[in-house]
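Have a look at the structure below before the remarks.
Per-chain numbering from 1; labels A, B and C assigned in written order.
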Amino acid sequence: MNIVVLVKLVPDLVEELNIDPSGAALDMSWLRLIINEFDDHASEEAILLKERGGGQVTAVAPEYEGVDEVLFTAAARGADRLIKITGDFVAANNHALARACASVIEGLQPDLVLTGVQANNDLDGPVGPTLAECLGMPYVGYVSGVTVNDGKVTARKEYPGGLIAEMEVTLPAVLGIQAAEQPPRYVAVSKVRMVMKTATIEERAADALDASGGPAVGRMFQPEAAAHAEMITGSPDEVADKLVSIFKEVGVL
Amino acid sequence: MSQDIFVVVEHLRGQVADISYVMLAAARELSKGIGGNVVAVLLGHKAEGLAGSPSAGSPVPAALAQAGQCLAADQVLYLDHPALADFTSDAYQKALAGLISEKQPRAVLFGNTSIGADVASGLSIKLGLPLVSSCRSFSADGKFVSQICGGKIMAEGDLPSPTALVTMVPGGYKPEAGQSAQAPALTRLEVAGLDALRVSLTKYIEPEAGDVDISKEPLLIAVGRGIQQQDNIQLAEDLAQAMGGVVCGSRPVIDQGWLATSRLVGKSGKHVKPKVYLALGISGAPEHAEAITDSDMIIAINTDPKAPIFDIAKYGTETDLFDLIDPLIEKVKAAKG
Amino acid sequence: MTTIAPVEQSIYDKILAATPKGERLRLCLQCGSCSGVCPFGYLMIYPPHRMIAFLRADRFENILDTDTVWMCVSCYACTAVCPSQIPLTPGLMTSAKEELLLAGNVPAELQSALEASQRYGNPQGESPRKRADWAKDIQPEVKILGKVRQPVDVLWFVGDYPSYHPRVQQTTKALTKVLNALGVDFGILGPEEYSDGDSQRLAGERGLFEMLAERNGLAFSRYQFKEIVTTDPHAYNAIKNEYPRLDISYPIRHYTEFLAERIDQLKPMLKHEVKARVAYHDPCYLGRANEIFDQPRALLEAIPGVELVEMEHNRKNSLCCGGGGGGMWLDGFQWEKAHVRLSEWRVREALAVGAEILAVACPYETPRFEDAVKTVEGAGHLIVKDIVELLAEAMGD
């Protein structure tokens, strides 16, 4: 089974996010970029599929600051091949990303392409279904389990409320991963360092980035916190008393 | 080319999802500035009843009109085909592609969900139409307002042309504003070209049955990461029992297996609309917040003064929940007498 | 030196490479003292002596399938009692944890602390830019070396919990006050400071430890100072005993040593009485591991009104608070297995000697003991304070 995982790096929400001087984009100079959590799950799922049924896993990532370490970590988990797509992706939207990666991924002739179902900075839809259409492949998103059976894949698709739909998908296909079947495994720093010495990252240049299809942003801003909660202070007894009177007022007590 | 706003209705196993009504309300607001009709697009098989329009052989007819839960649209375009009976990305995308290229509306609204987000992007590439995602609302002058980066950043812009595909998240409009007591006029369209489908539904797998439906409960005691460990859930159960409420939780608690999946409140769980939502040790991240904004009152207990939940709660306290729960249970019991 | 049986070669080599005197493993008598004194030994499937037995029988892989090694809090009790003087804590237990980590057998809580340490330089996952925020409103202004760029006498290595944890920040502010009162010329690294890495090392992440140490070493090399003083015994242990092997070597003391040296200058400033029975808890990494027992006691005895009492376990056989070796981030895991916390045992010991204040000298301990005070019956009145907080209190304004 030839599996390709597409990972992208997104702003780390631990840090404060600022708007750049133009007022219409994030200030990238102060941003810390980390792997998109859902892409991390997609990478773990790919390794699990390889462990179960054999095959090869190729991790593909567009060039962002810090991407090398992300790719080496994928190799330390078990990815066989690492490909970095070079280009200036700092301001690229997902349409541009999908188109840039499509020809490289097509060349790898994958049976299955896994990527995270969404990312925190998606403004023009997630990259997975966009890529699928560029590749002419079917797409199922919100997948939390994958089983492979000759030429077809069964994807467990999550709906709200805990309902699962089992979808049969013909290959090759793209799946948007919501959660891997087990949490992404820990990779010891020493292991990544060892891998850095032996693994190589192949580089492929992106075609010119075509961002058409994404919206033009006129303005970015931080939402004003709507009226903040009325805070109740005092000793636990005093707070409990106040809560009980609120419950009575509202009619639940 | 028209100025109509299309809304792709989301339904699952005979139930119209709340997001559909939210989108209809959004479409109504948007159409005020643009002109044009609000057109609900319903795909299915023998599913006209979901619009509220009575029809032979459809599951939920007049009852919906009685409940005031018909689709609040100027008209419904109903695409019927056996392959559309249940949502699958391939069939829905193909059917919608045909419809959108033919009708060329001003905008098409999808849910930013397991249904809408599966097809909107593909349609954008296939039809060469611009796509805006995570849209929460439209401004008075018809601009989209989307939220990204965990709700920390808002992005606003003109509605792109010629046909804007928009995926929407809940929170900007109340579902009630997208419902009507009037069943809208329904036009049935036949769909062709749904062969050689690459995605098919094998079966549904239910969540654990025989449990309460928290989306219908008026009093919810919710626990988050702040509950720290499984043994402490009992404290929430004790409080729930004393108050006559039901315990539910956010994703980390369910992921640990401390509460059943049916108790999950959040984007991937249930949306709830209780009278009171008592949040214990919950930070209020957007995936959770979006599922509770329809509550009548949110009361948040969290030792972190910066927790985002305090921005959507009516009352809050920084008192440690472990200091508060026992006195609270005592006083609730005393009040009940 | 007689060997008893051939040992599993690759694990053995690792222990040799990583630990001074690691080869003493071959002298194990299987007396079981280590497992007997281990506070969680009764819960481990492979307590230390059993682990050595399997290592020598070339069956180390049996241990990889179990997870009770994570009950080890690296408290050094085993190392302290071993008659063959085997470096059990840094050698055996840490190496076992390393192997488990490499095999991916690590509890989720610990995993996030390790990933956060990698990404943000602190296990709590806080923004590194905010590491010196605790000092924002303090007057006189705390010197951040990257900003003032002047030589100082003391580089104060603040630490993760003293920087970010709301309760421990009070300790940090108290130490600032005392240092200023003594006229000490000090500076901090602020955002350039990374986690000392000692707990991460003892939790099995040697690679992560080296990465953090290298970064701290780089920061140290940029500035001029005469010595390093730490808030935290773990940082003290790392920089004193482990960093030199990475060629990072500086004169280093724990704040209790530093202040005890200045006790004649300090004493007259301690004007206010702190009238209480105070039990001092010897932190594992100050006491047992680095033999600093007297200086903290001298500081406490210098405070007027303090009646110093000793708990049943004290000095070399002090009872661990449970925070070391990754224990700080294994609370849920350890609770599920033990349903008892080491910090709670210790609180009971304090109560048994009628202590009104439990004095500590390690930033892990303050939050751990305060939590334990809440759950131990009858402990509600016990106050937990770091020694420096008591000194600051005695100084008044």
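Criterion: contacts are C-beta pairs under 8 Å (C-beta built on N, C-alpha and C of every residue); 3 or more make two chains touch, one makes a residue touch a chain.
All values derive from a computational prediction rather than experimental measurement.
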Farthest chain (mean CA position) relative to subunit B: C
Chain pair with the higher count of C-beta pairs in contact (A-C, A-B): A-B
Computed distance of Cα centres, subunit C from subunit B, in Å: 48
Inter-chain centre distance, subunit A versus subunit B - centres from mean C-alpha coordinates, in Å: 22
Between subunit A and subunit C, centroid-to-centroid distance (C-alpha), Å: 37
Subunit A residues counted as touching two or more neighbouring chains: none
Where subunit B touches two or more other chains, by residue: 323
Residue ranges of subunit C touching subunit B (in the complex, touch as defined): 332, 335-336, 374
Complex contact set, residues of subunit B against subunit A: 12, 17, 86-90, 113-114, 117-122, 124-126, 128-134, 143-144, 146-158, 160, 164, 167, 198-208, 215, 218-219, 243-245, 261-262, 264, 267-271, 275-276, 296-300, 309-320, 323-324, 327-328, 330-332, 335-336
Interface residues, subunit C side, partner subunit A - complex: 98, 101-102, 104, 106, 108, 111, 114-115, 118-120, 125-127, 129, 204-208, 210-211
Parts of subunit A lying in touch with subunit C, wherever the complex brings them together: 12, 14-16, 34, 183, 185-186, 188-193
List of subunit B residues in touch with subunit C within their complex: 228-231, 322-323
